[in-house]
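Here it is, the structure, as structure tokens.
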Amino acid sequence: MGVLNRRQIAWRAAQDFWDGMLVNLGLGMPVNCSDYVRAGLEVVVQSENGIIGMGPLAAAEAADADLVDAGSRRVTIAPGGTVIDSAWSFAMIRGGHIDVTVLGAFEVAANGDLANWDSRIPDKGPLVGGAMDLAASAKAVWVMMEHNTRSGGARLLEACTLPLTAPGCVKRIYTDIAVIEVTQAGFVVLEVIEEVSRAALQARTGAPLRFAAACGVLRAPDIADEE
Amino acid sequence: MGVLNRRQIAWRAAQDFWDGMLVNLGLGMPVNCSDYVRAGLEVVVQSENGIIGMGPLAAAEAADADLVDAGSRRVTIAPGGTVIDSAWSFAMIRGGHIDVTVLGAFEVAANGDLANWDSRIPDKGPLVGGAMDLAASAKAVWVMMEHNTRSGGARLLEACTLPLTAPGCVKRIYTDIAVIEVTQAGFVVLEVIEEVSRAALQARTGAPLRFAAACGVLRAPDIADEE
Amino acid sequence: MAIDKRVGSAAAAVSDVRDGATVMISGFGGAGFANDLVLALRDRAVRGLTLIVNSATHPLSFTHTLIEAGMVAKVICSAARGRGKGLSAFEQLWKDGKIELVALPQGTFAECIRAGGAGIPAFYTPSGYGTDLTLGKETRRFGGRDYVLEEALVADVALVRGDVADRFGNMTFRYAQKNFGPAMATAAKLTIAEVRAVQDAPIAPELVELPGVYVNRVIVAGGV
Amino acid sequence: MAIDKRVGSAAAAVSDVRDGATVMISGFGGAGFANDLVLALRDRAVRGLTLIVNSATHPLSFTHTLIEAGMVAKVICSAARGRGKGLSAFEQLWKDGKIELVALPQGTFAECIRAGGAGIPAFYTPSGYGTDLTLGKETRRFGGRDYVLEEALVADVALVRGDVADRFGNMTFRYAQKNFGPAMATAAKLTIAEVRAVQDAPIAPELVELPGVYVNRVIVAGGV
């Protein structure tokens, strides 16, 4: 099946969700995870603009301009959901109540350092948003990202080159070719796609890899990528 | 008419309320002020347990065990009132949103120091409550108290002998015989009852008094004291 | 599996509270006491508890039963005075040095709990500055005014009283029942709620006063 | 006199906002922007404003019109990046050194405002520790973890969007419209609200999301 597309990465991350968890899904790729929660599980999705228990995107005829997520998408409230104000929403985040936050990233270091807020485009203003609060205080930070830059450079590094979002926070990384745990001993590969050898994966990664004893094959069902 | 009873002191303090003000009334004598708000004024009463816009005591048949004030009295919610939690209620208090808090006191010093929380009864536990927050952060602290102790000692002093609730906070004092402003220059008498001469008032007060140019006569209508 | 936080009894709900636990208990001004849960906890007869409760002695609260049963090592509160001239059980134990007491201004007490749930380890407050109650505490000047540094309060367990809960743990509160419950629910590792009624149907989003994500277990109060 | 906070127009509501004022503006994620009031403020053409607003550039907010009109000296926000590759008016002014920018993590931004309304001059937060964004800020360790000291934000004026208000200034919010409005209303000397509808009858106690004591003026939004 080969390299995972962005929706397949979201699918793979969502397979690790558990029943009753409180999860915050970052803008971009991560929000798609909510489409792939395993049948029978009830997951509570938090959007940092205050929706606790967010449902799927609103159907066009039901879209409500006041019911939006942190990315301005028109969404719904799931059964049992509610809305709190931003001060409380971030009190929830900072207070360590989020089980998992799934975030996009530019770079992740082998010590868990995360860089995802400032891509250093000259003269463009900073875009901090809620990433620093989420990265610093969620019980677990999972990252979804392409394994390499468009020019083939590594995004998994010994040390980040871009400004940090939070030090030592990332627990797991889902890429288009591998699932990697961040441990005290650095990156540990949990799964890798069949088409990429261990040596090739290491060559595409900027820090030493270990491979879990139970290291498996990364597979995802056919899902069309978003355009 | 002579010395004011406790309800008459409450009446006198309430005459200085203004339209639309947010007022917190302490347990004991001060809560009675709400019975004497001038006709036509709308005053918002805050109880520090979270009632914003408290109405009068509940009639027996309407009393609700969940609708109580900070002193456990069964009360009502006034039109336009609501209830917030304690963290928010004290955020309101500490944030300087209370126009006036009317508190009881053991002692007040000429520099505005207030002592009203610890009467130093041996072995009895401390009873702090919300007085320190109210005294420290209300825009104005008014005190209602008997001018003297039962044994005739002064409660208005050069310096408090009992532990402070907050330093330099009291703006005005309503007693059974006088209304006194606390200024940079110490106590200034605004009103005194006819039966007490200026010299006698000074003799019953533990710090120098000045008398306002417009110092008037303290009078109150006949009101039966609470038993 | 659908989320369902309902538990069959107060006893089951508190069955894993252990010796030495820090326990927050809601209630103030006569309303919102988690009395069913407090009595169930008393029946467990654990020792060395730290209680975080607004009043150690309120006559409508059953907190005093934990103290009288000798289960409490420390109380953090804003009111610790028993009524009347005689000494309450709490006061007697305190006088005898058998119970530790930390008294805080009520607003500081509330804010320390809110901070505990909000990931704020410490904050500055004007309340209590210049009083005996903050002697020895760190102070600092901001904008020409003096403040005291206070640290957050957190707990192993919060016992909270509300009105209605749904299977998600969402809660409403009746009037002054609210008081410390919502903040305490955010500041404890395990929050147990007792309510008048539970319902299968979700509470409407605009009526939820405490999101269920803060609540671990719900029981129906028996009306103690 | 009955309390009545209704004002006839957005222009009247902002008529006393002065040069150099600090102005908070609600809105996030496409909801809750106080756009009628922002446009009325723009028409006043005051200068040297400090804006406290989550995003300096959100396309559904009219905050950018104040910036483009040259009325703004400083922006405190969590997002200041214009869409697309070109520079927004804000980014051009910032690049040219004509506008000062303070960027905060969104949770710190929210908490600073909440602190401003709650009488907390400063607090410690884990957000942003170890990042460029907090370089030079005071840090401190509590319980083995590192935190940054952040100071409260307050304002002269808050412009807040809600759904319904009553004559007391009590307000409700629709869904995600809530965001920064309630906290901003607590942190400003003068809070002006725009709502879809005002009503004579008081909003029911259990439906009030922001008590009217925090709101000074209310206008009905024209649906900008």
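Going in written order, the chains are labelled A, B, C and D, and every chain counts its residues from 1.
As a convention for this text, a residue touches a chain if its C-beta (ideal position, glycine included) is under 8 Å from a C-beta of that chain, and two chains touch if they have at least 3 such contacts.
The structure presented is a predicted model; accordingly, all values stated were derived computationally and were not measured.
The interface with the greater number of C-beta contacts, when A-C is set against A-D, is A-D.
Between the Cα centres of subunit A and subunit C there is a gap of 36 Å. We define each chain's centre as the mean of its Cα atoms; on that basis subunit B and subunit C are separated by 29 Å.
The distance from the centre of subunit A to the centre of subunit B, each centre being the mean of the chain's C-alpha atoms, comes to 56 Å. Multi-chain contact residues, meaning those touching two or more other chains, occur in subunit B at positions 77, 83-84, 91, 93-94, 137.
Residue positions 111, 114, 118-120, 125-126, 175, 205-206 of subunit C each touch two or more of the other chains. Pairwise, the chains that touch each other are A-C, A-D, B-C, B-D, C-D. Subunit D contributes residues 28-32, 54, 56-58, 60, 78-82, 85, 87-88, 90-91, 94-95, 101, 103-108, 110-111, 113-114, 125-133, 163, 173-183, 209 to its touches with subunit A in the complex. Of all residues in subunit B, only 47-51, 64-72, 77, 83-87, 89-91, 93-94, 118, 121, 123-133, 136-137, 163-167 touch subunit C in the complex they form. Those residues of subunit D that touch subunit B in the shared complex are 1-3, 114, 116-120, 166-168, 170, 186-187, 202-203, 205-206, 208, 211-214. The touching residues of subunit D, counted against subunit C in their complex, run 111, 115, 118-126, 140, 142-143, 145, 147, 151, 172, 175, 205-207.
Residues 19-20, 22, 40-42, 44, 46, 52-53, 77, 79-84, 91-97, 137 of subunit B are the ones that touch subunit D when the two sit in their complex.
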